[in-house]
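Heads up, the next two complexes both have chain A, just with different partners, chain B and then chain C.
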Partner chain A sequence: MITMFLVLSIVFMLMRLLPTDTYFGGRSDSMSDTVKENILKQLGLFDPWYVQLGNFWKKLLLHGDLGESIVIQQGAKCVDLIIPKAKWSFQFGAIAMIFQMLIGYSMGVMMARWKGRFFDSLGNLYILLINALPAAVYFLFIQIYVSKALGLPMLFERYNPVSRILPILCLSLGGIASNAMWMRRYMVDQMNLDYIRLARAKGMTSSQVAFRHVMRNAFIPMAQSLPTTLLFTISGSLYVESLFSIPGMGGLLITSIQRQDNTMVQAMVLLYSAISVIGLLLGDIMMMICDPRISLTKKGGSR
Partner chain B sequence: MKKWIALLLAFAMMSAVFAGCGKTGGGTGNVIGGQGSAAATSAENINEKQVVKLLYHSEISDWNPLHPSSASTWANWIDSLVEYDNFGLCQPCLAESWTKESFVYIDEKGDEKEGQRWIFKLREGIRWQNYDGSFYGEEEVIAEDWVTTAKWILNPANGARTADLLFDFIGAEKYFKDMQQFEDGVIDTEPDFATVGMKAVSKYELSMELTKACPYFLSRLTYNWGYPTCAKFLEEQGDRFGTNNKTILYCGAFLCKEWEQNSYYIEERNPEYWDIEDIHVERIENLYNAEANTLAPQALLRGDVTYADIPTTQIDEWLRDPEKAKLIRPNRPGSYSYFYLINCMPTYDEKKIDGYQLSHAQWIAAANNLNFRKSLFWGLDRIRAISCYDPYTPETYELRTITPENFCAADGKDFTDFDELKEFTEQSQYQVEKACEYRDKAIEELTAQGVTFPIVAYMPYMTDSSQVELAQVVSQQIENDLGSDYIKFVLEGYPSTDYLAITRRAGNYSFMMSYWGPDYADPETWTDPFNLGQAYNYWWHLDGMATQTDENDPDGRKGRREYDETYWKNFPYSDMVREASAEVNDLSKRYHAFAKVEAYLLDNAVVMPLGTLGGCGYLSSYMNPFESQFAPFGMSEDRYKYQVVMKTPMDTETYLEKLPIWEAERADRIAKAQAEGRDY
Partner chain C sequence: MSRFSVKENRANRLEEALLEQIEQTAAERDELTAGEIESLDPEEFETVPYSAEGAERIGYSNYSYWRSTLRMFLKNRLAVAMLIVIVLLMGFAIVQAYLPGQGTRGLTEGILPAQGPQNAIRIYNWPDGTKDAGLPMKNQRPSGAFWFGTNAIGQDLWSMIWSGTRTSLIIGFAVALIEAVVGTFTGLLWGYIRKLDFFFTELYNVLNNIPTTIVLILCTYVMRASIPTLILAMSLTGWMGLARFIRNQVLMIRDRDFNLASRCLGTPTDRIIVKNLIPQMVSVIMLRMALAVPGAIGWEVFLSYIGLGLSVDTPSLGNLVNTGRAMISAPRLRYQLIFPAVILSVITICFYLVGNAFADAADPRNHL
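Up next is the complex of A and B:
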């Protein structure tokens, strides 16, 4: 809560330091001073900073009101602008995340299982390629050539479900690579630990060991980031969304800052900081669920 | 559908027969759109499907017709009192006719003044409609609706960006300021709107009273402050008014039937429109696409859009392919005038860039030297500069005056052809020899003053635009022609966000390119940027140009709010503009006086005309540019009245063939209107 308060207040103050010309639309050069000053006054920009900040918090806390957009879509409630966009981004992001987890984790598990063998090398090649090539290169490749080869539309079309395949593919590729890489790494780490050797020595089959012990333990460090990643899919992907023309959130924050839509910037900063805080909390809870050794409440005694 | 086309064709043929009789221009004379222009689309080239398809890349930011200053989204949804025809002449729209007269009024100081009263007789029986075409109760478009608009705009609480456009209405500015004070609690009684010179005389008669005669008043009416608003609806909607397609009322040619944010909006022809015979387009489909500009050319080839700008980088490819070359044509020169400025109030950091030291003192000394300024004026190669925007026909876009061609005319002559401007228009403004003569004189004079060479000029440019190339080409060209030991340009790029606020307005440059667009149909509009109160070149700061004074001096005017808080008087340019604009009856006299003002500006070489870069380049379009309503300001060109969708996009050959026909027709009509003493 304190983090959110500080972040929002600082951003609020910084936005007030910018030049005022954007508030006058295209008429900055020809508008009379009387009208200019009136516009700034109506926006409350002539009040001392603590009054402005106070008003902002009062409105937010008492009425839950984030205000209205002043540039992007004049007069529209910020929330009404953000929610439809966030829905799109979340839809794509969440589906992509499912693929990232399903394919990424199973790839990592298999790579660790057959470490040093052909599948492992193939997987490593994929990870290396995805990480080494700039995303723009393979996104464009997919949009232009893969769409042609498979006969898929180059752009997202709302009522054409097939058109969602390529954007989701693009969104998944990076995540698959990193999920596989970390899964493999943590599993390899675990496999060399003593308790695994003991389990093997006790006569457990290697697949039993891999799934009951290695994978479960390897998953713990990754569990923490899952909720944050899932929640942050609503922020959208700037590049993929603009490439495939998806009406999502990607770029909305940047546009709002560039066009100096203060209320929009505040609304989005609030949203993102809330996501970070909630995501971290959920992450801790996830860790607790996965790992019985971790507890959120203090346990007395044992040392 | 088929029936309608048959009817359309029949009408076309009939009008062709009639139009063919009295026509003087060339062409076959088959006319549907374009109000009898020989440049209109011939019947055989009319598309069966009258559907316009467009891509847009940024969401509609202003739905409120009362608020925006530049949005044209609803240009087709609401009509104004007057509108432009396809030759650029004002004609009746919601007003059927009008009269104007002078009258005497007592101003705030108690002095007797001569004002001007316009009375508009409205078209009767036009009813307000909802987005779906249903009537909004029994509400008609009446005179009171314009009063509602003015009242809203002049209420400071609404923060309208257009309030100052009404300040020359009697009592308007005082009302606005009084309302501010009332809002702040300084005064107790709410000011009475009846003191403002905008009144409904009767249901269908609207009176507008101006503090002084305004010869170009009609052209101002096509701005959004001149659009009607239904008071009942405004009150009913409250805060929701003008936030989407359902919270505005319609009385125009199209209805915005569907809109989904970041997705699409669909406009359909309004079957109840009063002038439906002139509306040929049935449907306008606007599809959202974040990459609209990049994709439009490909989409056009597939037949998915009606219009596409061809990016400069792709023109070559399109022109080389014979099939594609048939689909494109040059853009009609835009109405924005681009020019180079010499800054007389430098504020940039006096830093060292690439080994060259920026110095205010050095630049001010140079800028104060007329010969130095003239050496740049005559030493700038305009054609080469414009080539950065259009390498194929740069001459088309060259300007030798600030006022562009085809803007206004008197005595059968275009403003730019007036004798006063001959010195600048009848010869190329790129004459190296002449420039070098001025350079030599400047070196002599400046050296005597102890100024060192080269003069270091700071030139900012916008990084994400064609300005990058322009800045390089222009700086190298001038340095090559005049010598880099005479002038050395130091370039620095700035992002597009707040570009003008950071560079030009702040005085953060020595020499840079900028532009101005007209606000109304009068040469006075082109004097605005260089006058006191504007942030262009601050040339009242030149030695001996004007007298500095303070805010207590009644004659003093502020340099520019926020950027130049000094006060000035006796600025000859200001005085000349005031004198020229005092002539309100004899248009010919008035225009010639403004031509003199412009000659004075150019002669001082503080600004150098460049071209109409805004409309540079090629495009592909199924619409005929000579049919569209034409005006260099307002929203006329976004209206679909008179236009038809063609079977194939217009090619370059046809465009070049039709352009002079249209220009001749336009000149003809203007001359006729002037001869008849008609307002246009």
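Up next is the complex of A and C:
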């Protein structure tokens, strides 16, 4: 909670460093100085920073209020603008997440089982490409060439379910790669340990060992990152949503940046920071559930 | 090892006979006969007098960390090839602006043979005597005059791309360098000075909770993008991972016996840090640097994409890809996207592979 408070406060203070010109929504030339000053005063930008910070927290905690949009839809509450967008992001994110887990984990398990064989090197090539290439580049090429090759629409259309295939594909590619990579690495690490050798010596078949022992232990470090990935996938990818023009939260953030809607950017940025902090917290809890040896309350003997 | 195994008994018997035979021949051949000594060439031998120095010399393995690392690295053919590609690309990107006739190849009339980095953003007009004389040469497809074609306002894409490569590489290397220096320095402070441990740990917990994307967006949004602000924004969070790693390493190594001995013998702290601690972490620092370059280039593309990148006056791979993106609906003009994207991909893949191969080679467990 303290971390969250600090993080949000820091982000809020950083936003205060902005030049005030950007608060007039691109109409600063046509306004007189008194009008400008009035607007700024209304927004409370002349108050000392601790008053601003206090007001911000008071509004957020008591009313759940993140301020009003300036450019995109003048006077509308940011929260009201975000919520309908979040629905789309959630829909896409949830589906992509399922794909990521199903394909990614099984790919990692298979790569570890047949380590050094053809499938393993194929998977490694895929992981290498996804990790090394900037996401923008391969998304663009998928949008251009895969859409043509499969005859799919390039952009998202609300009433055309086929148009959802490509965005979901793009959303899951990165996650599949990282899931498979970590799963493979942890499983390979585990396989060299003594208890696995004992299990094999006891006469368990290798698939029994793989699923009952290796996978369960390999999953523990992955459990920590699970909630963060979940929250971020759901909160929408900045790239994919604006590339395929999906009306989601990521796209909204980009639009508000491009049109310089300060309060909107602030609201979105705060939201994303909050999501990441919550994700990390949930990740720790998740890890505790998966692994009874870890407890959050115990103070580790530092050195 | 059963006493009753027929097979083993027989094997033992055979073995004994063999051993006996070998011992016999060895005993026979132990001394050279006088005749054999006579027949040896005396020039092949030299008499060595007793030397006190030589008697004190200690035998040691000639294992050298860096030589083994280099040997392991050279074994990885692919990585070496990639390294050569990187060196060539970087060398060409630096040299390109100073080569004669860049941007004018074969098209001399009407255009001054301009040189130097400024050349990249110049707009080319049709020379006199053509039907569009004086107008910009927009969207020319790749040809002998413009090897990569021209863009929507008549700039030479070839020069733009190399200038952009320079920008992106400068950003990448600056970020990598800052990350390495700041990360190592804070990491050492964090690990070595116990009083600072609490402060740094809390700082890390808070800062690490803010996603990189958000930090980058905020910084560039607040400060307006230029090369220095981009570098600053990217190095703002990059150092933390390295610092944490170094802190953990320092905690592990600082109280080992050799450091204790070193301290007892009166080695000053700075020398302990430089000579005893840092060499243990060099490989990881190098790896982080190698991966920071493609990382920074990728972030730059991302920022350009969301509209917070460098302005078009400063060509960079990011904004070139981004302008090329506008052309995807016109298949004829897609070369404007494909050329920068291909260069970008080559650079990032090379750095990624070389970095990983180097990390593998630098791991002493792989030295055999």
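Just so it is clear, the second predicted complex is superposed on the first by the 270 of 303 C-alpha atoms of A that agree within 3 Å, B and C clash if a C-alpha of one lies under 4 Å from a C-alpha of the other, contacts with A are read in each partner's own complex, and residues count from 1 in each chain.
Here is the rule we go by: contacts are C-beta pairs under 8 Å (C-beta built on N, C-alpha and C of every residue); 3 or more make two chains touch, one makes a residue touch a chain.
Fair warning: this is a prediction, and the values are worked out from it, not measured in the lab.
In the superposed pair of complexes, A:Y239 makes contact with chain C only, with no contact to chain B.
Shared-chain residue A:M288: touches no atom of chain B or chain C.
Of the two partner chains, chain B is the only one touched by A:K85; chain C is not.
When the shared chain is aligned, chain C comes close enough to touch A:V277, but chain B does not. In the superposition on chain A, A:Q258 makes contact with both chain B and chain C. In the superposition on chain A, contact is made by A:R158 with chain B only, not with chain C. In the superposition on chain A, A:L6 makes contact with chain C only, not with chain B. Within the superposed three-chain model, A:P247 lies in touch with chain B and out of touch with chain C [touch as defined at top]. Overlap of the chain B and chain C interfaces on chain A: residues 18, 242, 258.
On chain B, the positions that touch chain A within their shared complex are 59-64, 67-70, 156-164, 167, 173, 176-177, 180, 239, 242-244, 261-263, 288-291, 295, 497-498, 500-502, 505, 516, 519, 528-529, 533-535, 558, 561-562. Listed in rising order, the residues of chain A touching chain C in the complex are 3-4, 6-7, 10-11, 14-15, 17-18, 128-129, 131-137, 140-141, 143-144, 154, 232, 238-239, 242, 253-254, 257-258, 265, 269, 272-273, 276-277, 280, 303.
The part of chain A that touches chain B in the complex is made up of residues 18-22, 24-36, 38-39, 41-43, 71-76, 81, 84-85, 155, 158, 241-243, 245-247, 251, 258-260. Residues 205-206, 209-211, 213-214, 217-219, 221-222, 251, 294, 297-298, 301-302, 305-308, 321, 325, 328, 334, 337, 341, 344-345, 348-349, 351-353 of chain C touch chain A in their complex.
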